[in-house]
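As written, the chains take the letters A, B, C and D, and residue 1 is the first residue of each chain.
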Amino acid sequence: MTAFENNIDITEDLIAEHGLSADEYQRVLDIMGRTPTLTELGIFSVMWSEHCSYKSSRLHLKKLPTEAPWVICGPGENAGIIDIGDGQAAIFKMESHNHPSYIEPYQGAATGVGGILRDVFTMGARPVANMNALRFGEPEHPKTRHLLSGVVEGIGGYGNCVGVPTVGGETNFHPSYNGNILVNAMTVGLADADNIFYCAAAGVGNPVVYVGSKTGRDGIHGATMASAEFTEDSEEKRPTVQVGDPFTEKLLIEACLELMQKDAIVAIQDMGAAGLTSSSVEMASKGDVGFELNLNNVPQREEHMTPYEMMLSESQERMLMVLKPGHEGEAEAIFRKWDLDFAVIGEITDTGNLTLTFDGDVVADIPVAPLTDLAPEYDRPWVPSEPKADIKAEDVAAPADLGDALLKMMGSPHLASRKWIWEQYDHMVMGDTIQRPGGDAAMVRVHGTEKGLAISTDCTPRYCYADPVQGGRQAVAETWRNITATGATPLAITNCLNFGNPERPEIMGQFVECLKGMGEACIALDYPVVSGNVSLYNETNGTGIHPTPAIGGVGLIADTSKMTTIAPKAEGEVLVLIGGGQGHLGASLYLDIIESREDGGAPEVDLDKERHYGDFVREQILGSKVSACHDISDGGLLVALTEMSLASSIGFDIDLGDNLPIHAAAFGEDQARYILSVTAAHAEQIVKDAQDENIPASILGKTQGTDLIVKGQMNIPLQQVLDLHRNWMPEYMRAEHSA
Amino acid sequence: MKARVHVTLKNGVLDPQGKAIEHALTALGFEGVNDVRQGKFIELDLAETDKDAARAAVEKMCKSLLANTVIENYSIDID
Amino acid sequence: MKARVHVTLKNGVLDPQGKAIEHALTALGFEGVNDVRQGKFIELDLAETDKDAARAAVEKMCKSLLANTVIENYSIDID
Amino acid sequence: MKSAVIVFPASNCDRDMAVALEKITGQAPQMVWHQESELPDVDLVALPGGFSYGDYLRCGAMAARSHIMKAIVDHGNQGKYVFGVCNGFQVLTETGLLPGALMRNRNLKFICKDVTLKVENNDSVFTRQYQHGQLINIPIAHHDGNYFADADTLKRLEDNNQIAVRYVDHNGEATKAANPNGSQHNIAGILNKKGNVLGMMPHPERLIEDALGGTDGRGFFESLMHSLN
């Protein structure tokens, strides 16, 4: 064997620093049959990190349903792919950038957006929409403003520049995120179904090509960082943060999509976490081939970079491709035109090994199959979560004044308008945003067609904490409902599973049970998982975040002229409630905001009802009988109605009856419910049709005037709600720099 | 009292702006531009009249607002 | 050869960034901040070894790209 | 109407502009890459929105110095039509085809929202389809739209009726609250002296069909068509 760059002793400390356990290191020795070089150790370390290997989660992820006739490609590739008819495909995925965003909110969030965009255009899709699911600590926490401001600016800074609209998302505040914010970004792209690109390399002798930005020493060990629990001093250590360059990303998108129109690419893979290592290993492994790379040919930004550094660098805006022989010139011309680096750095071999040379020496030579196939997989011990005691409405004090309670809720951090956020995002660029942020799901038209993609991200962490199974179901069901409320048919989901330290059995229990609930919902709703991401160790000093399985759903409407929004179109429309309920107050926002209590069980999610009621609602919308539709989620019925009023500037006059205590009727968070606003002519018929199908349906009242009226209970001007709702976040952020 | 603060990116941190300027200069026909880095230059007019006190205050301002010390260095001149 | 360029806003040109910093500093409790102006600081690494030639080249760069002379002044240091 | 849309690296409203031009004029524009040195034979050159060169250094600065710009400046100086939207407006000020500069928004944030504009000059080739003083709703989406010019320039703009559109409130008043970005005199768009070059921060190409939220943006394109007939 040739001389290895092996003058560095692989000590126990070094192994531990690389996050490998003694068992894991023994496995490395078994695979290699010798002591690994430092570069090899680095490669094993990142490939076997939680972030890349999914070692704690893989076993459970396998249980998620991933198939449906319209699924072209499920989990395992860069992103999931569904068929949206007419030879077109939607490609999407969600990913976390939690730890980097906590350390450097602007760049962390920006590079999160960059990374997820690459996952999508790698596969041949033009990105058409971005979403973001954000969780911050409590508003009073001294870091929250700074983090919120930086994250939002970073997401906007990157997405706006690349020219992909950021069309929606969700934002929560809770003390459990004080030391671990969550920044989950999702991208949806469009491709021709017959021009999709995968990462499996093939063709011995084919050139391996590096394109994009040069490699620097950015984020070395980023992947291992994302897999380690935060301690107080990791903030101090300030690991090298990656800086994003959206300008280069935009050029990379255009150059890649241009090359993809030619018959030149065998395989392509973005360099995400663990950069050159994970991209080359994945391409080789999927294709059952070897890679030989000459690291001297890697475009470098800094001097004297070592093989170790090059392999572990997480410099952004880079891609790896395998080209068909003889197409190098054609490809190079395109990348040069876009002012991007282009370098042939190696070729495919039949050895099955990842072989790296540098200055004429072999510095790593690892058999790829065992590196991936023998990656550790753990069945971590877990315990089921204690079910929280249920709370009866009778045991919760009724509000002294319903109007005051509503005002307090609508102006609270939990329900206040997120306009301050989405106004910093270009949500209209590309000219196809036909449902802007502020409604249930966002809708982007499929360019040049009448079709539309509805997109929604949701998760209610307080439910997941109270009852992981119900919470898992609910997160999936809420995206499904949001998409349904626009008239679109929900087709598939992506997810980002944010949890605490999986080595603690309670946390692992939350994970397992949330996944169980998610899986049940996916099956019941015919709504498979096609891609996703896991982020564990979101924990500081032993305090974990609320379990947060963020779900990103995508649906399709064939005729966008039938789309509904949450805004009633006129006064005098009839407000119809679809779905029943007992006024469930456990784990509700009412309890939290009005009673300052976070206890109680999560509402039950009856998946058969979800499916049945939702399908009925969609049918009414597509039958053009509905003027506006909103699902009922956070804050319950009265909050949902108020949101419809805020969107339309039309008040309402309703009767909540006296079957339930008023706070339960107004603010109970029972699931599988929608409000339809319909013309008087359709109202009776819809109620009758629903009841014929055994679906609870009732008339609440009508849209009217500029006041919000609940018979015998409340009469407040819409303007008053509007002011509180709209002003909370701008006013909160105005104090960003106060000491 | 005037304070002048230079905020520059730390060594090794990617500087997309500098790189773009470098490209543009080359495209404009300027030869021999090996590297360009862009930073910020902040001039403060302070009521403080004591040099040391001014420096100490600006030091604090840099840490808490003017520089992002995760990726940036700063230097202070007082005159 | 290194060139350092300062690009600053002309007197009378409003400076939103400077104003915002000033506000933020005051909000953070720093007292006596009378005025803040933000400019750019550009460092160039040039192949040129003659000081005068370097200055002349950078002067041209400033005029043709680095500064917008409608609103900005520039100054050049060569070392 | 024959038109061309200029594409710079990281232009990103080039397609939107092309779609609007084709939809309204019935003729697809030619897309012209910044490295070209000649323009095709067209009536209108459109400079689209986006982040040319990442908006690094100054918005529009590098684009203004790209190859194709000389031809565009000639085109404008010959009295032919040049229309810059958002980044395109920034490019036009950087080339000097339009006076002034666009600085960072007053609140330092990117702002994307619909704003109300008042058509101050409806006597230009770009605006004659609107009524004088008409209020229209058009989205803005920019980080640097804060229009600045010195006092003399502002006076000249006002005196020559070169201010095409201004940010106003629902009553048509150019108030501070209605000014989203701090622009002097609430300026949202200006014409050159001859009236053949228009630069504006709001994006009319984004509001040309009801599905997108309205059609108030069509007037600019329709005006051009009528002007040519």
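Keep in mind that, in the parts below, a contact is a pair of C-beta atoms (placed from the backbone, for glycine too) under 8 Å apart; a residue touches a chain by one contact, two chains touch by 3 or more.
The model shown is predicted, which means the values in this text are computed figures rather than measured ones.
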If a chain touches chain A and chain D alike, it appears here: B, C
Of B-D and A-B, pair with higher C-beta contact tally: A-B
Centroid distance [mean C-alpha coordinates] between chain C and chain B, Å: 10
For chain A paired with chain B, centre-to-centre distance based on mean C-alpha positions, whole Å: 36
Computed distance of Cα centres, chain D from chain B, in Å: 33
Geometric centre distance via CA averages, chain D-chain C, whole Å: 28
Where chain D touches two or more other chains at once, by residue number: 53-54, 56-57, 62, 65
Touching two or more other chains - residues of chain C: 24-25, 28, 40, 64-66
Residues of chain A engaged with two or more neighbouring chains: 245, 247-248, 339, 737
Chain-level touch network, classified as line, ring, star, complete or other: complete
Contact footprint of chain D on chain A as seen in their complex: 153, 156-157, 160-163, 245-248, 250-251, 338-339, 422-431, 433-434, 436, 445, 560-561
Residues of chain A touching chain C in the complex: 735-739
In the complex with chain C, residue positions of chain D that touch it: 57-58, 61-62, 65, 93-94, 96, 99-101, 103-108, 146, 148, 150, 182
Residue ranges of chain A in contact with chain B within the complex: 103-104, 106-107, 213, 216-218, 238, 240-245, 247-248, 301-302, 315-316, 339, 737
Chain A-facing residues of chain B, complex: 9, 12-16, 19-20, 23, 65, 68-71
